[in-house]
Amino acid sequence: MPRRTSLRTHLPGRETRVGRIARLDTGRRARTGAPEVILGEGKDESHLLAILRTLAAAGRAAVVSRPTGAQSRALRRAARAKELPLQSLAGGRVWRLHGSPDGPPPVGVVGLVTAGTADVPVAEEARAVLASVGAETVEAYDVGVAGLHRVTRAVRQLERARPKVYLVFAGREGALPTVWAGLVRAPVVGIPTSVGYGRGGRGEAALNAMLQSCAPVAVVNIDGGVPAALFALQLLAGSRRAD
Amino acid sequence: MPRRTSLRTHLPGRETRVGRIARLDTGRRARTGAPEVILGEGKDESHLLAILRTLAAAGRAAVVSRPTGAQSRALRRAARAKELPLQSLAGGRVWRLHGSPDGPPPVGVVGLVTAGTADVPVAEEARAVLASVGAETVEAYDVGVAGLHRVTRAVRQLERARPKVYLVFAGREGALPTVWAGLVRAPVVGIPTSVGYGRGGRGEAALNAMLQSCAPVAVVNIDGGVPAALFALQLLAGSRRAD
Amino acid sequence: MPRRTSLRTHLPGRETRVGRIARLDTGRRARTGAPEVILGEGKDESHLLAILRTLAAAGRAAVVSRPTGAQSRALRRAARAKELPLQSLAGGRVWRLHGSPDGPPPVGVVGLVTAGTADVPVAEEARAVLASVGAETVEAYDVGVAGLHRVTRAVRQLERARPKVYLVFAGREGALPTVWAGLVRAPVVGIPTSVGYGRGGRGEAALNAMLQSCAPVAVVNIDGGVPAALFALQLLAGSRRAD
Amino acid sequence: MPRRTSLRTHLPGRETRVGRIARLDTGRRARTGAPEVILGEGKDESHLLAILRTLAAAGRAAVVSRPTGAQSRALRRAARAKELPLQSLAGGRVWRLHGSPDGPPPVGVVGLVTAGTADVPVAEEARAVLASVGAETVEAYDVGVAGLHRVTRAVRQLERARPKVYLVFAGREGALPTVWAGLVRAPVVGIPTSVGYGRGGRGEAALNAMLQSCAPVAVVNIDGGVPAALFALQLLAGSRRAD
Amino acid sequence: MPRRTSLRTHLPGRETRVGRIARLDTGRRARTGAPEVILGEGKDESHLLAILRTLAAAGRAAVVSRPTGAQSRALRRAARAKELPLQSLAGGRVWRLHGSPDGPPPVGVVGLVTAGTADVPVAEEARAVLASVGAETVEAYDVGVAGLHRVTRAVRQLERARPKVYLVFAGREGALPTVWAGLVRAPVVGIPTSVGYGRGGRGEAALNAMLQSCAPVAVVNIDGGVPAALFALQLLAGSRRAD
Amino acid sequence: MPRRTSLRTHLPGRETRVGRIARLDTGRRARTGAPEVILGEGKDESHLLAILRTLAAAGRAAVVSRPTGAQSRALRRAARAKELPLQSLAGGRVWRLHGSPDGPPPVGVVGLVTAGTADVPVAEEARAVLASVGAETVEAYDVGVAGLHRVTRAVRQLERARPKVYLVFAGREGALPTVWAGLVRAPVVGIPTSVGYGRGGRGEAALNAMLQSCAPVAVVNIDGGVPAALFALQLLAGSRRAD
Amino acid sequence: MPRRTSLRTHLPGRETRVGRIARLDTGRRARTGAPEVILGEGKDESHLLAILRTLAAAGRAAVVSRPTGAQSRALRRAARAKELPLQSLAGGRVWRLHGSPDGPPPVGVVGLVTAGTADVPVAEEARAVLASVGAETVEAYDVGVAGLHRVTRAVRQLERARPKVYLVFAGREGALPTVWAGLVRAPVVGIPTSVGYGRGGRGEAALNAMLQSCAPVAVVNIDGGVPAALFALQLLAGSRRAD
Amino acid sequence: MPRRTSLRTHLPGRETRVGRIARLDTGRRARTGAPEVILGEGKDESHLLAILRTLAAAGRAAVVSRPTGAQSRALRRAARAKELPLQSLAGGRVWRLHGSPDGPPPVGVVGLVTAGTADVPVAEEARAVLASVGAETVEAYDVGVAGLHRVTRAVRQLERARPKVYLVFAGREGALPTVWAGLVRAPVVGIPTSVGYGRGGRGEAALNAMLQSCAPVAVVNIDGGVPAALFALQLLAGSRRAD
């Protein structure tokens, strides 16, 4: 027989207003463990700066991802003028706002692997986010499956660090996460990169190939270096829970 | 200056032939921790049975996923005739071939959550695979976001079990993994289900919504209950590695 | 200067459990005004019946939409056996579970218009849902734009009832909502129907045409007679609010 | 027995020619209540100005939406030179041609809600159109579902104004309209915004998610702030009709 | 200076009601020259029969296209029982309702060409519609471009009849209309057929190829034998106009 | 019994080489009636000029369509320097190379109709090609279906010229060709234009809507003003054939 | 200076008529080396049999691919009744019509490789076509990349036969052709198979992955075992040409 | 009975590191015969130069394909400064790094054919790669199927060189590879080019048409001049193998 319940739920949370245009979820790190990441792309330049100023005034750390050209110039100006405690990472694809650590660093190593040299910038975005909260990484770049001996060698090299999760980046045909997941004992997250032209180019084929993988691979969106890093952080956090 | 190396790589592995039509990778569990899962759909019915007979003769365990109607009838016949040690799970969507455990059971709880009742069968596929190797699960089904109080209540209920990973199933607009990941401290894997009609139906909108999630969500393919379970197993395995 | 607030939110709600497989949001009508509608398609047949039995036991009204063939047979059996207070509507495309009205009937007329005869069944689904809560409707069916005089005549006919909203159904090239919205003084909701073959068939062209409309048209998904009716009900409810 | 009718239909209307290139439907406001809105994008720059000069000469009001860069520069020149009574709104995304009100202002409040800061510019387009005819609005911006407490708080805040309709803007996974419609008593129109990258980016995932919504949501096209505002105006007009 | 006009338009037309479900545009032939064609697919079986009975009672001719299986059976029963003056054409893909000619037969020959044998049924649909109003046709079937000598020979053969328009049917890669239009002096309408499997199959590649044709080809939808025939009839009608 | 034939086909034709990069089909006008049209877009700038120089040297007429920015500048230079007998048409979207008429002008009027002002440039491309060979046209621009009285008035106006074919241009929802074809006695060719944004924008919805038209409409590709004009010329040529 | 030439081309060829419905290109084998292959799917059953009877009467060999269920039954009947010299191959997916060899057998070995057991039926189609003209093959089936040691072992095994071309079949993520082409000295043709479910399923992901391959891979359509075999035959023929 | 084997595989290979960002597969030419080709597009400019410097230091030859604008400028600077032995080919679309031949030149002629002048640049990319390793080519450019006599003439011209493989380039409707493969005795590889606008433009229609070809055609991706050349080289290599 079905239970019937009348319920009233509490949603604890904190909210910091930035004028009319933003309500920062300043309790998220405490609630879920995820650091503050602000997607630059799409935001009005003045809105982005207003958000950062609010966070800086509160002494909070954050990361800005995918800044547009105009945003990058504004961030650079603000950094040079020491207006905001900003640092450029991954060749300017990610910016870090320094602030209070807001919790202990994560425990456990994350392995980063790319299929080609063109995937390196996306992997470096992930590495920047991981480094910004003190997570440890090991890397093997340009180990494409058209030269298999490179793959097997890189596996042996990285497995020595006993990573708790691998982030495997590949564009074009996106085969590397599948091959990698057939060789290692840790979960593999595939990150398709927008490498490749023609049909299936710009990461489309790679994304679908990873979704169709014969091996257990979970996927984030194309060029999703930052969400992959956040997922890895959640995973490291989860793995610390008492069994 | 670049290093140049001449290298020769060893790829240890085991292979069991099934006539001309299959080469079973019988070393995979030892190598990666993943159990043997055989995708039924697409395989010739006689080929599927030949593979299962070979595995049974060797005393090995396995799981058959997505059997077709004809395959299901054949499996049922083989089970009834005690020809093969088969057991139907998840309402016949998954079949288990009993055999040697081939390793200790995984440690850690997996949380299973569905947005609607129509997602339950896919979640039960995942649960069957997890149960087949002895993994522990907790579930909350039908907690769609159009009635938020159900979500927050289910979060509190499941968080008590301190899962190391959540598998969150949703069709239609696929919003639940995003909402869930904003409320918990463990990684969230989204599994779109083929629920919904019209544009974006059959799981298409849900998959894209999960790829676009504002919260850190990794994704497997539509109706991918089985790959999600395998990913969760890799994750439990990885989380046991010494830091 | 930004305001910072620490907040704790209450989410009042009611939840009725149906075994492990459903948590009915039994407070929704009170909260939003929407009646209980259960999408049949995709649900396990036994799950659907369990939900209806739970609702019937509580004396609540509901509507079942898009039942599959097997579900329809089961509903018919349950209706004939007087096991459940079910009634078939719109030629069996919708089923009504009789129960307590749970609020006063909506005030205001809804206009229903179809471009062709093939769109009539979807319009009748909407009419069934509207009728189930006592909403008043007027209809003009088969007024396609390839014979404009039919359109203008039907406009004059329906405008006499002074509808608060029009639901305009069209497949194929989906032009009728645009033409209609250029002629009337009430909001027009377009419902693409899965009529048409080849490229853009099955409602795809109609949906996109409505999204591209030169006139102010809002849209629901293909064959969305039921969601359109629910939207119209919300609109009637909203229009009663004191200004 | 079928009725057979020979009919002859009257289509009253007014038409104002602009050279060879435009025939303005100057009777539309009287016929349907919708203000004159001119889509800039796609029009030859000289054609756009010719249309505005014709309207200004007749003392009529209008709104220009989505001007291109070149059009914006031309509009700015014409405004500065006082050649045309133009005013830039929403950061230049919308331009208003001042003129005779052509009817009383609409009665009833429209609620505007955005999921993120990046959706604000599209919401402001809607607000500009609504304001141009004197409609009243209330707003809550940046209430994304990954921090649910923000949503529930904003609901309580806006419901106090008792809006007759909500326009809810969201990019990426587009979940907010669904969540919102589960909490309020007025109709919800979803406006997907072109926010997000990779698969399903640029508003594609958000649009499909809204079409697949579990709650009664009607939708306009991606970045359709202006058509959403027009639909809301029709709705306010319709709601004034005597029942 | 722009002209301003107040106008009032007459839309003469006739309308025959079929119960609530259809309003036949019985003035169309007189207005545009197009015969009455009723798309079967999508219509309720009882609705289709009601429409035909109304037309038969009025002694009018019509054509039914794309009947479903159930509709075909109903039409066959009605024909055998002499309930309706129906005749099966093109192997049952088209049905003709005999009635008054409603105008003189068209003047001018239509050429029908198919790339393969699998395209013949669609071409025969067009031929049936053309024959039903007395239009003259010449045919060359199975002249695919992988054996060019067949094409050039068929061109010479058909050009002798001096067709006023060619309907060229092709599936798969859809190249024939392009090749044909490079060799003849009359307009070429391409009709993609749903022949072919895999990517671009079911007529998709053929349709796009025809839209991309290097030669002047106009196109109708996939399997659009009937609309192509109607377009040819309009063309024959137009070509009789005094210059 | 099948006929078996051994055949040997003659393909008469003329070919004019332009270095290694082009083989002009200089017999096409004689063979099919179509004038020489050169698609600019995609061609190397030097290749385009080489082709024009070869044609000019032979005194032949031609039209260049869709020139890129760089090509346009080169053509303007060549025209100013009187290097080539070039003339800019349709605001520079088409260029005419003057030369020998190569046949008598076509007989019969072509009607050009656009749904909006933004479609005018594409219509003017068609008009330029038609004018370049001396074909007569009548036009009605900006007669969108959201103000029906404009449509019916324009029909009466253009029908007076008794066109042998209508070219109807529309972007966005692309409804005009369908409405138009329901009102006139000549064939209607629909030309979708790349007007509109969001889902179905850039002409996609308009193209599909025309393919799905309830009225007999043939279609060319998006922005296909030039191919539509060529098709109309073939049609005028075909209509002169003795019956 | 351009050459100008007047030319007249001969197209030698033979054509055998089958009633009105087919014109067999009976000179193709002599002209190009390709055997006669008839695609069953899409053809009227009576048309298929008529074609085969014509060929059999002339003593010619042929292959029927992708017969439908009804066609298969008809072929089986004709074979049993010894009406036609037909033989079922590849489990009935291909039928061979015995006849005169029409040329010497091809020289050179073709390697056939599949990624999984589910790809075997498509590979066997290719093998049947190759065998029907006497071409030699070697095979390695089920060598998926998730167990790399199987791949490298199979490479060594097949390379011993020194194939002139490899046909590599893979569904799901379609990675095998890329990996294979990185290890062997002969051209690799990838054949995507319709294996896999969800996004990218039914061969879509595999096709795109092969088009995006990092290694030199040419591709045929999904499930294109037969066209791949024909391409291989052309390749063997070409490789015999004197250098 | 199945064989069971325990296996250990050797993967011989060479790897040259370029800092952290690349691991060159310097044994590939020896293993498979393919020359070193580096895809420019997508790579960081500094990464590309680092790779070339490493190769140049080792005296190895390579080809750079699809350089971006910035990369092209950097390569030009490096070439002018004699920093690297680079040579621009195909109008700068391909760059050659001179180095040791690393094997004998390939034996056998490759035929290159284009449908239009706009396809020539892609064909020239292929020719540049073939020339860089000493392969012999013959060409016929601009032989589109709308003027068939050009095709048949070009066939006769090229067949005299007895090519072992044809690379046939076509955009728009992509029909040429099909027509060509019906006329010659060597394998045909189709290369769709990104020529054409509107639906199916940018090579999409051409690619699908080639996949749907009625004649045996294998395909590479859109604008895949370089991969097609590499495939041709593998084919020439394979054809030298002893039978």
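A, B, C, D, E, F, G and H label the chains in the order they appear, each numbered from 1.
FYI, contacts are C-beta pairs under 8 Å (C-beta built on N, C-alpha and C of every residue); 3 or more make two chains touch, one makes a residue touch a chain.
Remember, predicted model here, so these are calculated numbers, not experimental data.
Minimum number of contact steps separating chain C from chain H: 2.
By residue number, over half of the contacts seen at C-F repeat in one listed pair from B-G, A-G or A-B, namely A-G. Two copies of one sequence, chain B and chain G, touch each other mainly through non-matching residues, since under half of the numbers at the interface are common to both. Chain centres here are means of the Cα atoms, and by that rule the chain farthest away from chain F is B. Each chain gets one centre point, the mean of its Cα atoms, and the points for chain E and chain H are 45 Å apart. Once the centre of each chain is set as its mean CA position, chain A and chain H turn out to be 36 Å apart. Averaged C-alpha coordinates give centres for chain D and chain H that are 51 Å from one another.
Residue positions of chain B touching 2 or more other chains: 7-13, 15, 18, 25, 28, 144, 146-149, 152-153, 171, 181-183, 194, 196, 198-201, 204, 207, 211-213, 215, 221, 224. Looking at the complex, you find that chain C touches chain F at residues 115-116, 144-148, 151-152, 171-175, 178-179, 181-183, 196, 198-201, 204-206, 208-215. Chain G contributes residues 7-11, 25, 28, 31-34, 107-109, 148-149, 152-153, 162-165, 181-189, 207, 211-213, 215-221, 224, 227-228, 230-231, 233-235, 237-239, 241-243 to its touches with chain H in the complex. For chain A in complex with chain D, the touching residues are 11-13, 15, 18, 20-23, 25, 27-28, 39, 41-44, 47, 51, 66, 192, 194, 203-204, 207, 221-224. Chain contact summary for the complex, chain H toward chain F: residues 91, 117-118, 120-121, 139, 141-144, 146-150, 152-154, 171, 194-201.
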